[in-house]
Amino acid sequence: MQGFASSLVSVAFHGIAYGMILYVISVGLSVTMGLMGFVNLAHGVFAMTGGYVMLSAMSRYDVPFPLALCLAFVLVAAASVVLERLLYARLYSAGDLEQVLLTIGLIFMAVAAARLAYGTLQQPVNLPPYLKGQFALFGRDFPAYRVFLVAFSSVLVAVLWFGVERTRWGAKVRAAVDNRAMAQAIGINTSLLFTVTFALGSGLAALGGALGADIIAIQPIYPFENLITFLIVVAVGGMGSLRGPFVAALLIGISDTACKYWLPQFGAFFIYAATIAILLWRPAGLFGKASQ
Amino acid sequence: MTGPAHTGSYLSDPRVRPMEWLPWVLALVCYFAAPTYLPLGSYILIMILFALSLDLILGYAGIITLGHAAYFGFGAYVAAILAVRVTADPLIGIAVAGISAGLLGWLTGLVILRMRGLTLLMLTLAITSICYEIANKATALTGGADGLGGFNMKPILGLFKFDLFNKTGYLYCLLFLFVAWWLVRRIIYSPFGASLTGIRENVARMHALGSPVYQRLVAVYTISAALAGVAGGLLTHTTEFVGLKVLSFDLSGDLLVMLILGGVGRIYGAFVGPVVYLLAQDSLAKQFPEYWYFGIGLMLVLVVMFARGGILGIVDRLLLRIRRGNT
Amino acid sequence: MTPALETRNLCKHFGALTVAEQINFKLDAGARHALIGPNGAGKTTFVNMLMGGLAPSSGAILLGGVEVTRQSQRQRVKHGLGRTFQINSLFRSLTVVDNVSLAVAERHGVAWGMFRPAGRYRSVVDESMQLLDTLGLLEDAKLSLAALPYGKQRLVEIAIALGMRPKVLLLDEPAAGIPSLESHRILEVLDALPKEIAILIIEHDMDLVFRFARKITVLAQGAVLMEGSPAEVSSDARVRQVYLGERRE
Amino acid sequence: MLTRIIACVASMIFAASAGVAVAQTVKIGLISTYSGPTAAQGDQLDKGVKLFMKLNGSKLPPGVKVELVVRDDAGANPDNAKRIAQELIVRDKVQFLTGLVWTPNAASIAPLAAEAKVPFISMNAAGVGIPYTSDYFARVSFTLWQSSYPLGQWAGKKYKRAYTMVSDFAPGHEAEEAFIKGFKESGGVIVDSVRVPLAATDFSAYMQRVKDAKPDVLFGFNPAGKQATAQMKGFADLDLGKAGVKYIGPGDITTDEELQGMGDVALGVMTVHHYSAAADRPANKAFVAAYKKEYGANLNPGFMSVGAYDAMQLIFDAINAQKGKMDPQATMQYIKSYKNANSPRGPIAIDPETRDIMQNEYLREVRKVGGQLANVEIEVVGKMVKDPWKQLNPKK
């Protein structure tokens, strides 16, 4: 019994760590999909790029870890502005199909570019010494880096939620998600709002990719391999919602870990089955706006 | 007036135009002129059939799916398991593959086709992923990640043996493609086809007309799944092997790319796309296997930004310009 | 005589918000009836409930005396309910005649046909052509819908609804977006509609309403404010107040 | 399509007008993985092949040339691989088929090679049963029984309780089966076994399961590459070493090209394998030096590169033996008695009965040599080991 309780703690811990990373990466996708109605399958590209930026900054230029994280955020956010203005913005009013195609195309290109620049090998992650080792909690050892992950992501989530709930920008975003035409009518510059939000979402994805490099390996095929997971987080959580993907990401993180721990012979079967069940029960996701 | 694109319309002339025989003539010419290309040729024919099945639901009924490989793969595995365990007769195999994929399409269609947009996209993805996981884990039945092989197909009708050069296989695939083409063409020109176009164009209005939208979608989805299953069965028969790739998201993605490249919702886009894509892959992937991906990605972006009708769309526009220039 | 369409105590709440309150409404056979009311009076909600797009919280809807409250849009259409849309809801990439044919084919019950080419269903095509002829659209029949000027698209909107041969027709702002100079064309078309169809028109263009309708129902804040002949309505103090009150804001 | 046909016709005319070919060209069809998630492994093969061609590409009889026809199978994708092989045979008319990272792919090609009578040499794919399905198949890489069975026997004497964790595909199942057999024969007990999906990247849940079961030793297997790193990372993250679990496996878990990326946690991991970049045989030192000169001082050749290199050596030897006039049957006859005393991995030979590889198996430990992690060979646990599985399951 005690054994079971302690494995429960471990599963919950690893599941939360994984779920937090999924959330930090996917929340931007949720907001941009809700806000702009844009089916951005290429979101994983930003996460991967964030991972590469951080890892190469650390290994090639000896940039300290915290600075490398910031660098990943800033560079990817900046790059995403260029992409948004150049490509995405032209397809806001186009159909889902065009958006799907454009972003699949971007994935293909990013995968090839990453191979060109970094080769196919998975990038080694060399953590700073203060984040290595184990961290004792409730009489069990936990990997220190994952404890840091959970703590850091929690702070990030808190800041993000505060930002969206309490700032002027957040109010505008919420208004525009609710009703774009109305937001435009009351004088919100939606085009600027989209760009800023998109950049922030991409930056967060980069941060998530960098932070999670230890859990979700950074390699060229990253955007394809994890696409389904990110999409599940958004679809199950509900597009445009902040809380929904959070719940969904934790659910997926924990249940994935639990399946691996207790029922490894079933693989990812349960995750997909649960996704289908939830979407049939609530087509707009757990916290999504019911469609008209 | 109707354009060169084949749309379901009460005005369009349903007779087969001379140009529409061109693909078949070319296919036969290839059979004699390029006998060493027949393995690739058979694969192209199979992908054309698969793309045609996707065009029916994506191009005509407007269902965006990233999971059509589920039906293709299901057909492929059914054909393989049947050959290993029951009978290696190819025609029975194709029939069973098509019917069972159709059944799967019908069942899943009943469940998912009430949804739209991202939710539908996700459901199609999740269904393929589940099929993939099952095939991966049911090792005893499917061979898991190692694939399923070790069977030899019997000669077709006891007469035509599958050979190393794939001559039989090529004609076998061509025959089924022809039948499927005829069927799809009929459907598209029928009132049913017209109502599918209506659903794609304006689903709210179709509801207001009292059209049984959901039932229509389930019906076309079932037909499309059955065709995809036939394509999968053909792949199993011509390669006498089936692996997990046939159920993968990658395959659905590649298929989508091929169809888009050719042109959506115009029947022959499903012919042009796979030919161009697979021939390009065949030559480029040989010379630059590592960077083939980049070109495909760039092409997709360019098609979306500048050439929305795909290759056939570009041809249309060129023809239009030439005609205008003449008058 | 049974009314063509009737609602009994129809209510709709969104949480604490009431958008339809105890609406009792009758549309007689062959009626020319208008529904008016200021913005936000609940007209759109009411129409959506009639069509089956929105489920009422309580109350009943009857079509020709048959209760259809829980029936789908499709079943209601079978019972003879048709509508047009306030914002054009057409098949833009199809030809004009195909737009109408889709409706006619559904009514003929041939839209499931998968093997005979659509063009061979002569009765469908002929009927669609005839319909376009009565609306003066015959020469545009083979054009792509997107190529038509806006005013003519509004007429196609009506043509599609007529293709369904409805017993009850809901016209949702048929003149919306049309300059008042051209709205007489719409009125001509409306006047020429078959007498046996019961018509409910929702419209902002008061000119059109008063020239077309023989009976008017005024909706305000989700409830029926009054009902009567055009003359009664125009002279009613409460109606004036509702409209003027709103204008003052 | 049209240009294809034109090109085809043109080349026919050209071939006819050129008359008798001056030089004898031997075509080798190389099928490997250049794209997709497992391109890293294909890259290893490619590096071995290219290095061989650079060093030895001209060591052929006069007038004989070799042409490599390279094709991408994009990962474990057997039907695609089979089609490619078919094309190489009928269109390119290759006289050898080789390459193959993946067992499923090789298994789908093997019967085809027999049907077309094209000698087929596996550079890597290790599925143990493949030679039985095709008389034209030979292997210069390894089987997992060769390494995991002796490892099990050795570990069974030192440790009591073992946990096995393998990738869920045929080679994984073989490694698991071989190890368990050896381990039990030496008196050990298997606590539990888990099979991890081929696509897994995060092993922490599985490792937690191991940790809670408290075995003495964890036997791991994965198809090398990123999985090896991920599995090692999972082991490290949960600090299983400190919890008293010893990590062992075939050499795939500490593959030389990935070893530096794994970090110090790999120290002390014991493996049995046929090749280590750190081995001090002269032939290996020369090979490693050439490899580093070609691809950079930081990159170690892995066993896959060596497999590719040795396979090319075998093919070249076969060409030289027949002076470029290739006869498939003679080639297979030659291969069956093939010996190479000077492979980087030590002496190797082909078992005439099974056409499978015979080679030494070394017990190794990960240690630091000159500041770099290395698989240091401690002892030879088996000399010229024949595949044990085929000894146990002779072909009927």
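For this structure, a couple of remarks:
Order of writing sets the chain letters: A, B, C and D. Residues in each chain are counted from 1.
Operating definition for what follows: contacts are C-beta pairs under 8 Å (C-beta built on N, C-alpha and C of every residue); 3 or more make two chains touch, one makes a residue touch a chain.
Computed from a prediction, not measured in an experiment: that's the story for all the values here.
Note on connectivity: the fewest steps through touching chains from chain A to chain C is 2. Any chain that touches chain B and also touches chain C would be listed here, but there is none. Of all the chains shown, the one with its CA centroid nearest the global CA centroid is B.
In terms of C-beta pairs in contact, the better-connected of the chain pairs A-D and B-D is B-D. Using mean Cα coordinates as chain centres, the one most removed from chain A is C.
Chain B and chain D have CA centres that are 36 Å apart. Spacing of chain C relative to chain D, judged by their CA centroids, is 73 angstrom. Centre-to-centre separation of chain A and chain B, using mean CA positions: 33 Å.
Residue positions of chain A with contacts to 2 or more other chains are 115, 265, 267-268.
Shared contact sites, meaning residues of chain B that touch two or more other chains, fall at 136, 250, 290, 292-293.
Along chain D, residues 36, 39, 197 each make contact with two or more other chains. Taken as a contact graph, with one node per protein chain and an edge wherever two chains touch, the assembly fits none of the named shapes, being neither a line, a ring, a star nor a complete graph.
Under the touch rule stated earlier, the contacting chain pairs are A-B, A-D, B-C, B-D. Per the touch definition, chain D reaches chain B in the complex via residues 1-2, 4-5, 8-9, 34-36, 39, 69-72, 75-80, 82-83, 86-87, 89-91, 103-104, 107-108, 111-112, 115-116, 127, 133, 168-170, 197-198. Touching chain A in their complex are the following residues of chain D: 36-37, 39-40, 43, 194-197, 199, 201-202, 204-206, 208-209, 212, 225-226, 229-230, 233, 237-239, 242, 257-258, 260-263. Of all residues in chain A, those touching chain B in their complex are 33, 39, 87, 90-91, 96-98, 100-102, 104-113, 115-116, 224, 227-228, 231-232, 234-235, 239, 265-269, 272-273, 275-276, 279-280, 283-285, 291.
Only residues 3, 6-7, 10-11, 14, 18, 115, 119-122, 124-126, 133-134, 141, 143, 145-146, 214-217, 219-221, 225, 256-258, 260-261, 264-265, 267-268 of chain A touch chain D when the two sit together in their complex.
The part of chain C that touches chain B in the complex is made up of residues 51, 73-74, 76-78, 82-83, 85, 89-95, 97-98, 101-103, 105-107, 110-121, 124-125, 128, 142-144, 160, 164.
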